[in-house]
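Two complexes come next, and they have one chain in common, chain A, joined by chain B in the first and chain C in the second.
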Partner chain A sequence: MGPHTSHRRSDNRQARQAGAVVPATRVWAYAALVFMLFTVAAPLGLAWGQEAPAGPATEYRDILPGVVGSRNLIWIIAQQHLLLAGFVLGVPIFAWVCEIVGVRTGDPRYDTLAKEFTKLLTSAYATTALFGGILLFLLIGLYPKLMSYLTDVFFPSFLVYCVLFLLETVTLYLYWYGWDSMQGATKGFHLFLGFLLNVFAFFIMIVPNSWATFQASPVVITEGSMWARAWAATWNPTWWPVNVHRLIANVVLGGFICGAYAGLKYLMAQSKEERVHYDWMGYVGNFIGVFGMLPLPFAGYWLMREVYQYNQQMGITLMGGFLSWLFILQAMLIGILFLGANYYFWLGIMYRIPGSEAKYRKPILAMLVILLICLGVWMTPHSLVASLEEARKMGGTHHPMLGVLGVMSAKMTVVNVMILVTFMSFVMYWRAGKQETATWAKAAKVGQGLILGIATVVILVLGVWGYFVPAITRINYFSTTQVLVMLFVLLTITPLTALVLKSAKTTTEMVWGIMPPRAAYALVLNAVMVILLMTLMGYARSSSRVHWHVYGVMQDTSPYAYSPALGYAAAFMSLNTFLFCLMVAFIFWVASLGGEKKGGAPGKARVKEAVRPAVAGAR
Partner chain B sequence: MTLAMKGAVLLVAVFLIVKFGLPLITAPLPMSLIWLYLFLTTVGIVVYGTLSAESTEALLGPIFRFLGGEGLNGSAKLARLAVLVLVPLLVGWQTYSELVPSSQPPAENRTIHPAPPGEFVGLANPVPNTPENVMMGKGLFSAFCSPCHGAKFNGNGPASDGFNPPPANFVDPGTIAQLQESYLFWRIKKGGVGLNVEGHPWKSAMPRWEVELPDEWIWKIIMAEYAGSGQKPRTWE
Partner chain C sequence: MTEVQLLQTIGLSVVGLGGAILLFVKARFVRVVAFVSIVLGGFTLVALSIPQMASLPPGVEKFDVASIKDKKELASIGQKIFFGKGQCALCHTIGTGEGRCPDLKGIGSKLTRDFMYESLTQPQAYVYKDYEHVGPAKFFPAKMPYINKKPIGLSKNEILAVIAFLQNMSGEEVTVELSEIEVPGSAGSASRRGVL
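Up next is the complex of A and B:
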């Protein structure tokens, strides 16, 4: 116990020194001391109950077994690190796109928005790195056998990762601190820095992705140089599907977190300007989130296909085996996300465009009904949860009529239709309050209607036909055709609408800042759903390895080599979501402190304007 | 009719259709699914009803006023009192009925298609798919499998009534059409007792045919099952 005691003494000494230097913040110092004791000293002092056995190398260590346990601790820290990483990789994309839009349109609001979010990056970046460090130390300490093996395989990419971090840090500092000075003539260089920031961020994402995907679909070669072995392990079957899936998901996360931030600020806004600004920001966040969400299901589909092709056993465990219930939960969460995003668009039409209710209520009702039917199909499992009596009446856990809704042909079809509906919600919002003046506008509208109608019919026909062809035909041809048809709609209707609206005249000006509070709650809901989804599917990806650290190569021989019950796992997902939300709120709060100081406490001045917060607004 | 009334009518209508209407043409739905559809309907009503300030008032106003007792008198006052008393009682009764010990086994989320053991993954059928082999497979199927799985491959054999869960219906596109031949080989060869841990609870009366049939016969039976049910095995190329 000697070394542990010295750790504690060292901690106490540091805490005493902190208290002596800043007496005014003694309370905080004591709080920090308690926190440090809890997080560092307690596990060290209490949990190191299992002394490393003499002789062979230690394979595992544990922390507070029966209370926390090494696996649970890694689960929480890894998930927090991953969510933060998603945030710090998604936000630069979001900020950079906003900055480009600002330059292209000349609208200064986009530049302000981009800057506001880049400000968050500095603190979020440090927190992400902090959790990465904690994760690394815990992994080395708790899973030395695995880490030794991974280090042996991936050491070259560890070096690459370090270099990328240096480049990313330098670029981020230049991008953020140079924002104001690089305006006007040097704005182009600033945009280039933003581009570089995203390039480095992308590589920072895909390098550790190779480590995680290697664990699920390892490619091990015993010959060749250190670099050759690392490269073979990196380019494993699920690496690129995960890279693409995570890249898109990060954009979605960035967009919806921006929306949630705007939503909360909107609820707290005490001046009209603030309400207008945060209402607009919420719209932009939701738009980018939705934009990213449209291709996301197909990236996930590709990933699952690669998993099946790599190892059918793993694929069946995920999609047909004990993890298949996670996909029903996923359907529920994505469904709520689709509903939330559409609801926000619809509220935007109703509130921001005065007098539009009579015109748009019926189309909205139609879209809502289609969305709910699709969602009902998506959420209907193949094997139903039924009591013994109910199962007897059904003749098993498959319902003779609704059982057909449980297979992929039905799921793929409704996902495509839901995406189309969401896209049309956006187009409707885009067109609302404008009157086309082009002579060919009517023909364009008819053309758009035809494209949409034919595409929907094709998607539905292929969906039904999919039941009558071999699975491989459905997967390789029908499903891909459905996606291509859906993309065709997006890629034809978008430019057509843009062209028609170019010469359109505005009949009703959009009014910002009068959205009801529930619109802000919808934005917060969307962000929470995305975070929950990431914790859910992260668990699915990770637990599909079942009792393997590296699938088929290195078995998990720890006491935790079992899959937890779904309820237990769901509780951890909720906990992780809650912790991440707390952390994001903290980052936002910290970032806002600097702003208030510089601005000479504008909060108080705003209160004097006595404009009521949006929470108190009308229904 | 107010929006709130319309919403209530819709909710009741959906409940009646899924609970009592559908069983007129097919098997009854389990409550888990009925709750799901009612939840979606409620979400739809709330979303549609709260799209504008006016509709929000039309949907929620009467509910809030009723619950608050604002301007109520006579029978309406009594109705409010009844709701305020009955709803907590209903919740209490529901909680009690969920928790009280019962002779009914709990609802289960059985894993129908557990992942096969590694040695059964990706095996190719070694028997050539010729009409003779398929014919022989059908003969073997008729002798060993059809009493449960049915002569028409639809899970409706004469002995099928004795099993819960019932024998698999191969004509259903959600069964063997989703699986590779190697998966069927595993299930036939090892039977219900050969299900792995992931396949809990082991509710399968499938015999362990490896003790009676040679592998070649099992492969022929698999070919016959696909040919007879009009399905194709799942492949990756």
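Up next is the complex of A and C:
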């Protein structure tokens, strides 16, 4: 017994001698502890004293069948957990990138923005863990057979997951609480902590991804150690495609949620300083969201290829079976997202750069028309809903003209064109209000025009050609070439524009804080679209397993072994999106209670900084 | 009121309420909530306007083996399995020729019964090579699944019924004998009692 203990005893003795009363809260705490011990120990004691009841093990339990039902309850809780997880994994990436930009540019706004978002992490992290805990308890209680099987397969990775959580928590505490003390000479270490935070967060994401992807594309081996079996199950065919897809999607989610938060705060701003700050924040959020969104369709494309490779039936169920209409909804949501992101850029040109309206009106109109045409093509279904008579007149469910647009060749083409248009919106915004002074600027502009023009022609030609070659040639060569051409445009025009604008003269100062309210609503819309997309594709991924808990290995024999129709599912997606938005709003509000000093609300010092250049194009 | 109608009513109410808030309420946070509600309500209404198809687990159709009178009836059972539990029609077409996999029109006259049986139970043994794509090698093969294994898992009796259907729809004589249909639990028995 060390001196510390005896010291405490002596304190207690002194307290008793002084006639001190134990605080009421402590009495309640002891009472609660005794009650918990009793409630836990009593059933244990009973179980100890008697034989376990004979009979088959429980496979399923239900909660309020007909009203909620176990499946719907799991759906809501799992979706909330997943969205929150996307948020808490996306925000550190977002914050860390902002912090790096702040260090590189010397602009304190980025550091403040990064800190403002990191502040959310502590409460958001706890809420995510809370929903994770609820989900786990419900799964164990409602789906005991499935959970027992998954535990058998994945127990080693459960342990890894726990260790990762400990590491992530410690790093997060150091990163957040050490923000102010790790400035100046120790800023590098703080950035390293941010890096570590993201590394742990990445692994925290991919470990449960292995459990979910295993259910869709299981790899089951019976030989080998516990670790060998878990590793084989982890490295299943769809694990990495989902990891990459989710990683990018989390960045997009983080960016657009930042944008939506800024939009809301912009609408509620009471002062000019606040409007300037949140207008700028909205721009940064939208920029990061769009930046992440550009490669996302191709990560999704890779995932679908892997699904087809793993199991053709599953691929057909998704793309050509009962889920095929889901992809029309997906096209609608992504199309609106593209329109929203572009609309926000265009409003920025019109309002933040006075005098640009006349110059850019026509190109913007052309871009809008192209985007709408592309969206129309993307949303064209392969087969139409038609009455028997209509189908007879058309000669089938494929419309003689529109049916041509409903195939992948057309859709891949318009996706690439939409990405190019969005990219050019950004370039246009970047250039607005500046005049090039370099002698070679004109040649560079012609070169950019040629690159863009030729690339567009190549993408369109490959798209049309794709109709006349075997599907596999189109998938492996044509679609891949289209993506590479599009990436080539991004990778050549971006540095070329940066070089030209390096020596450019600013003709019109960018004015922050005068955007119309509809710009803020566009930011909110973008965030809602991303969240809805996540709920929609979650439903698709889960439904592709049809009536299997673990595809081809463990069948779902519960009364809920069916996938509901899209309308019913969409109502749930909307509900989940709404609940998540409310929860995020609550988290932001709770974080704001911490005081403006600590989190860093906009101040006068920052308003002065608002005229300094920000990230590319934000100027 | 059907489920779809109920959800449409709820969706319309949400959109209407959101619109009313945007028209009459000034509080900005409430207006943003109303805007989000309109977007979500609108999305739900769009989703309700497209074909509503639920994915039900395949029904466990029990065929009374003893009641099968002739080969035509066996072929009829095979047809149900082809379009149902067997999920064959997910990939294969019959006559339209636009499927991902070989069109099966007249397949019963092109292939022997044993070949068909092997195609279903050992799909990679030979058939795949016969259907290799012309031109560049495939990045990944569109593999025909093992029909007698999970997730489809047809029994031997069910596979024989499908073969009977394929032969029958090709105008060929059905070579599957009713005596080959096994009674579950007593393999090899000539007596036909039980279910497929």
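In the analysis below, the second predicted complex is superposed on the first by the 536 of 619 C-alpha atoms of A that agree within 3 Å, B and C clash if a C-alpha of one lies under 4 Å from a C-alpha of the other, contacts with A are read in each partner's own complex, and residues count from 1 in each chain.
Here is the rule we go by: a residue touches a chain if its C-beta (ideal position, glycine included) is under 8 Å from a C-beta of that chain, and two chains touch if they have at least 3 such contacts.
Since this is a predicted model, take the numbers as computed values, not measurements.
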Chain B versus chain C as contact partner of A:470, first or second or both or neither: both
First (chain B), second (chain C), both or neither touched by A:108: neither
Partner chain(s) touched by A:404 [first = chain B, second = chain C, both, neither]: first
Partner chain(s) touched by A:376 [first = chain B, second = chain C, both, neither]: first
Partner chain(s) touched by A:308 [first = chain B, second = chain C, both, neither]: both
First (chain B), second (chain C), both or neither touched by A:551: second
Touching partner for A:184 - first (chain B), second (chain C), both, neither: neither
First, second, both or neither for A:355, with chain B first and chain C second: neither
Which superposed partner A:66 touches (first chain B, second chain C, both, neither): neither
Chain B and chain C footprints on chain A, overlapping residues: 308-309, 311-313, 316-317, 321-322, 325, 385, 470-472, 552
Touching residues (chain side chain A, partner chain C) in the complex: 264, 267-268, 305, 308-309, 311-313, 316-317, 321-323, 325, 328-329, 332-333, 385, 470-473, 475-477, 521, 524-525, 528, 532, 543, 546-548, 551-553, 556, 561-571, 573-574, 577-578, 581
Partner chain A, residues of chain C touching it in the complex: 3-4, 7, 10-11, 28-29, 31-32, 35-37, 39-41, 43-44, 46-48, 50-58, 87, 90-91, 100, 133-136, 138-140, 142-143, 145, 150-151
Interface residues, chain A side, partner chain B - complex: 308-309, 311-314, 316-317, 320-322, 324-325, 339, 343, 346-347, 350-351, 357, 361, 364-365, 368-369, 372, 375-376, 379-380, 382-404, 406-407, 409, 467-472, 516, 518, 552, 618-619
In the complex with chain A, residue positions of chain B that touch it: 22, 25-33, 36-37, 40-41, 43-44, 47-48, 50-54, 56-57, 60, 104-118, 121-122, 164-166, 172-174, 177-178, 180, 183, 198, 232-237
